[in-house]
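Two complexes follow with subunit A in common, the first pairing it with subunit B and the second with subunit C.
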Partner chain A sequence: MPSTRGIEKAPAGTFETIVGKRSLPYIFLGPALALILFLLVAPVVQGVFMSFLATRGNGAVDWVGLDNYRILFRESRFASNLRSSLFYLAGNLVLSAPLAYAAAALITGKHRQAEYFRGIFLLPWITAPIVSTLLFRALVDPQIGPLGILISRLSGRQVLILGHPVWALVFVTVHSFWRSFPFVMLFLSAGMSMIPREVYESAMVDGAGRWKRFTRLTLPLTSNQLAIALLQITVWTLYDAETIYAFTNGGPGYATETLAVRLFKSAFINFDLNTSAVIGIILISLSIVFMAVYMRLVGSGGGDAQ
Partner chain B sequence: MSLKKALCVLAGLLLVSGFVFASGGSESSSGPKVLHVAHFYDPMNASMKVNSDWFNGIAAQFEKANPGVKVQWDVYQWDQIDVKSMSDFRSGIKAHDVFLSSPQLSAQHAQVGDLADLAPTIASQWSKDELAQFSWSAAWKGGIVGNKQYGIALGNHTRVLVYNKDLFKAAGLDPERPPQTLDELVDYAKKLTTGDVYGLGMYFGPSRATIELYYSPFLWGAGTDTWDPVTKKAIFANATGVKAANFFKDLVNTWKVTPVADEAGTYDDAILNAFVNGKVAMAWGYGSYWIPALEQHGMVKGAFPPTADATEINAGVALLPGCPTFVNSWDVSIYSLSQNKELAWKFINLMLQPENLRGYGDAGLPIRASEWNGPGMQTPFYKLWKQSIATGHPMPSTAHYGELADTVAAALQSILVSNQDPQATLQKAQDDWNAKYAGN
Partner chain C sequence: MKHATRTLQRGLVWLAFLGIAAFVLLPLLWGLRTSFAPDLDNKVIPSFLTLKNYSELLSRPEILLYSRNSLVISLCTIIVVLPVGLIGAYALARFQFVGKNLGFVFMIIPLLPAIAVLVPLVAYMNRLHLYNSLVAVILVNSVFNLPFATWMLRNFILANPISIEEAALIDGCSRVRMLFTIAIPMMTPGIVAVVVYTFINSWNALIYSFALTPSPTLRVMPQGILAFMGSWGTQWGGITAVGMLALLPPLLLFLIFQRTFVAGLFGYQLK
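Up next, the complex of A and B:
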């Protein structure tokens, strides 16, 4: 019967003995790492490189260092783009989280209607963005849209929601929230259904009310799910150009032109790839910042009920 | 399925695809010569069928006259065809010969170098009379950058002021005397604004139409422009530009003769639909592409298709003095990397024959001067459209026209919607644009 030691030791002449035991994992991981580097890191490096260039119409390329960044940061338009992006993102997150918790509580509850609510709440998620954009547009049409007509009747004057710099931004944010909250809800409901019933029963025996049970139990025990869902929503919202473009083209003025819309216009309409690269780098940097915040949230006390 | 079988199937597929690839490659060397023509009329799209059929007809004629040559279509989206040509050129792709192009982007094409200069060919092959057939139109000038010709206009798209004669009568205005000055335009618009009807429809939405329909014409009328071809700088924040912005702002906010709704929505809604449905008494920026709609709504009779008996039932057309209109077209160009330039030129010449151009639905109003001699074009209605084309303007030939138009449109919207100071807003927008694009 061979000894255990004998099994662990590779026979002479095998691949392992040729390359050495320490190098073996690196050799196996090598192709995958190379692929990841090529597919994920290379485009980012290329983007960073492009952001330092100025491409002339005739294809001539000049190294301009940080000039593209400098020009962009001095623009009032860029400041407006950044403001709109942050508003769009913050509005989305602020609306999504509380409502998603409420909806998740509703669909994980032990009642008959839970199934119906699940279907209703998932409807925005399964609607194609361009379809929901058209539906929402029709809603605020000043001539035929029920919301547009209602607001005009209440205010006594014609109100153009998509023609007003503030209302247009609020409206596209609400649409974005409407689309994204089912996703957060699904994540949270998955987290909530994993919390043992006994935990809540003990808390109730200790006299904890609904609010306390939510803040001391549900919230901490689902913080991992919340962080992951919010990270996903953050990335989607930051990079969302199609719905805003379909709503307003970024107007009126630059009121709803977020960084993603600007990037889209710059890259695919005006073919200015260098400015687009700068905006892309800024968007990636913003995503990394948010990712770090969420990861910290997950790391610190996530999943510990107090 | 065993591994052996799967490998056999895979090998078979590879062989078949290799054969297909090889036979495809040999088509150009041993088969008929292929002329690649890029347009944007999808034959599967019912609304584009007329134009797609027209191209098929031209191809049939061409193939008959040139045995051994086959015309092949490369179909792209209309708003991507120019970019496609430029990006293909940058990638060194030699697959195209003839391209439909947009004259607003001629300067960008010139900078990229993807379109061939047609000026020498035109100079050597066209008579003076033939040249005069085209060069009278402002649309022709849109294809010229410096002394090079990158595109030949296939028709004319222009815009005028249309007005509702019935509403003129109701307001006590002479229906045969449209406004003669901008002051008169405002005066008329005030008189015509009653109840649900606005005096003057204009489009101030978030699109390039704003600069093309109103802002640039206003500047052209004063002898200036949005961009200076000498310094290659944006100059749209000049005194006339500020005056124009203030004028538009007053129309909407002070005199309230132009609907606020024109700041959002679409060009079609603000001008075409509003006018034919009687929501606006006058519409500034009404395009020649909407003449059929006037006929369909009974506002003119016998004007589409044009007849000698055309009558303006209750729609009149006018030009605003001091505001030359923007004229453009679809141009036809030759791709600079084309290996078949002679054939491409032959194909273009065939397209431009009077009997062929007549059938091109998307041409708009005729480009050939001789077509305007027909009895249907002698009516006052069409004479005015012709005048608009002859006295019109193409857009400035900056390689960054798109960014220029977007910048002005956004600045105007900020002025109109957010009530921002016109001088400061335009100046800031101009500085931003110049910081990025001045000099090239």
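Up next, the complex of A and C:
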């Protein structure tokens, strides 16, 4: 990234002399900061506050301290929510990274067909989550979906994938993987295109094979991009409520109910605002942990990564 | 011998390209097929093609309403995000001021969970008398697109040589005028990328509307799809047709601006 030089000379007799040169950057940043402060920071603060309150049956609101947290942490449903979230997240990351590397290597290489395929590979990324959800549901429909029919033929009976506690979770994870890998691929491709070709050429002269070149050169030289892309995916996966809600409603039972789905249901369907505030705070805390990791990674010599 | 291995290698590369493409395209193409196929036809190539699903859809007034709402929200979000993001990005890229290092926050904020902020936001919008209005959805969409858009534009401004701007200033051009006549026109690709990015995100967003506009007349396309999925059950022809319609605007924008869009998002030039 090029270093920034401020422009210090400004002519007189213009807008700047009226408002004062010093205040200009703040005026320029003002609208953005105001929007973020009022509609992002303030709600977070209020969310923290709400998580310490309980609404009684008669509508009265009491300060209950950490009671909401205590109640939630003791629930077996909450433990299941956490497990589903972690499975959903880990599954997505483990599947996305290898395919993203393969796809990035393909679209970054000097193949004539690369540009067309890059466009195709990016399609999941621009598809609305609700649209890809309906497309994936059509795929596993036992009557007309090719995957649903295939699985029914193989197992000899009609299988409702989205009705099975384990397969439902696996299937929503695969869907999330389908949506996520193109983004990781783009980041990795950006990283790979920054590696000078001479690095590979000298490795080849030294007799390094394809696999060795990947593990010794590509992998370490793109680790920054990988970390940042996976972090963004982590956050998206952790907060994704709408796709699972539209797939299974969190079921069967609570099998696919992740923290985000629980929050979504308790906030906008059951209107239990205090419980959802607590889950919201838990999600925010998790994301702060990830942000710290992010800052560290970008701060430690990875400054050229966007 | 060498020729044979090269052919083999080329074949393997093609195989890899096609394999990933198949994985990506399977749900999309199956959806496209189903939207043109007669009901309950489960052959890979349907026995005949029909426009029935689309003509039934387009005869429903709510489809038009939902698309209109989605379009209004997406365009208004762009109208808020672009100017606010541009001047903010310019300040971050070109000015020296106390607190400038906090500009980093713009990169971090996208990592905040929208869903966690929504509950207090609903209470907020209620107090501002904006609950159940498109304005609320536009504001929330803007806030969630703004940080990344600002950061993206900042990188674009940094990539432009500062000397042209300096020359204009020395020649007596005011900074505000210079911004509009020189700096902004130079970063058209960045602006295109931000517009496409913001449009696709706002067009695809579901939960903000779900939380903020319960009224059926204010529904956006994704909300409509969720409702159809609930009430139409397994009428896959109709459901996939709605999905294809909703996919069309982002797809067209993406196809037209792919190169600029990708380069803009990642701040690097693709071949």
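Criterion: the second predicted complex is superposed on the first by the 244 of 306 C-alpha atoms of A that agree within 3 Å, B and C clash if a C-alpha of one lies under 4 Å from a C-alpha of the other, contacts with A are read in each partner's own complex, and residues count from 1 in each chain.
In this text, a residue touches a chain if its C-beta (ideal position, glycine included) is under 8 Å from a C-beta of that chain, and two chains touch if they have at least 3 such contacts.
Keep in mind that what you see is a predicted model, and the values were worked out from it rather than measured.
**Student:** Thinking of the overlay built on chain A, is A:P98 touched by subunit B (first), by subunit C (second), by both, or by neither?
**Tutor:** After superposing on A, A:P98 lies clear of both subunit B and subunit C.
**Student:** Touch check for A:S193: first (subunit B), second (subunit C), both, or neither?
**Tutor:** After superposition on chain A, A:S193 lies in contact with subunit C alone.
**Student:** More residues of subunit A are touched by which partner: subunit B or subunit C?
**Tutor:** Touching more of subunit A: C.
**Student:** Please work out whether A:G253 is in contact with subunit B alone, subunit C alone, both, or neither, and reply first, second, both or neither.
**Tutor:** After superposing on A, A:G253 lies in contact with subunit B but is clear of subunit C.
**Student:** Could you say whether A:L263 touches subunit B, subunit C, both of them, or neither, answering first, second, both or neither?
**Tutor:** So A:L263 only meets subunit C here.
**Student:** Considering only touches as defined above, state whether A:I71 meets subunit B (first), subunit C (second), both or neither.
**Tutor:** After superposition on chain A, A:I71 lies in contact with subunit B alone.
**Student:** For subunit A, which residues count as touching subunit B in their complex?
**Tutor:** 56-59, 71, 74-77, 142, 158, 160, 162-165, 248-255, 257, 265, 269-272, 275
**Student:** Quick one: which bits of subunit B touch subunit A in the complex? Just the residue numbers, please.
**Tutor:** Contact set of subunit B toward subunit A: 83, 86-87, 90, 108, 110-113, 205-207, 259-261, 263-265, 399-400, 402-403, 406, 409-411, 413-414, 416-418, 428, 432, 435-436, 440.
**Student:** Which stretch or stretches of subunit C touch subunit A in the complex?
**Tutor:** 13-14, 16-17, 20-21, 23-28, 30-31, 34, 40-42, 44, 80, 83-85, 87-88, 90-97, 100, 104, 106-121, 123-124, 139-140, 142-144, 146-147, 150, 155, 158-159, 162, 165-166, 169-170, 172-177, 200, 203-204, 206-207, 210-211, 221-222, 225-226, 229, 234, 236, 239-240, 242-243, 246-247, 250-251, 254-255, 258, 262, 265-268, 270-271
**Student:** Could you pull out which subunit A residues touch subunit C in their complex?
**Tutor:** Contacts found on subunit A: 1-2, 4-7, 9-11, 14-16, 22, 24-26, 28-29, 31-33, 35-36, 39-40, 42-44, 46-47, 50, 99, 102-103, 106, 109, 111, 113, 115, 117-124, 126-139, 141, 143-146, 149, 178, 182, 186-187, 190, 193-194, 231-232, 235, 238-239, 241-242, 246, 260, 263-264, 267-268, 273, 276-277, 279-281, 283-284, 287, 290-291, 294-295, 298, 306.
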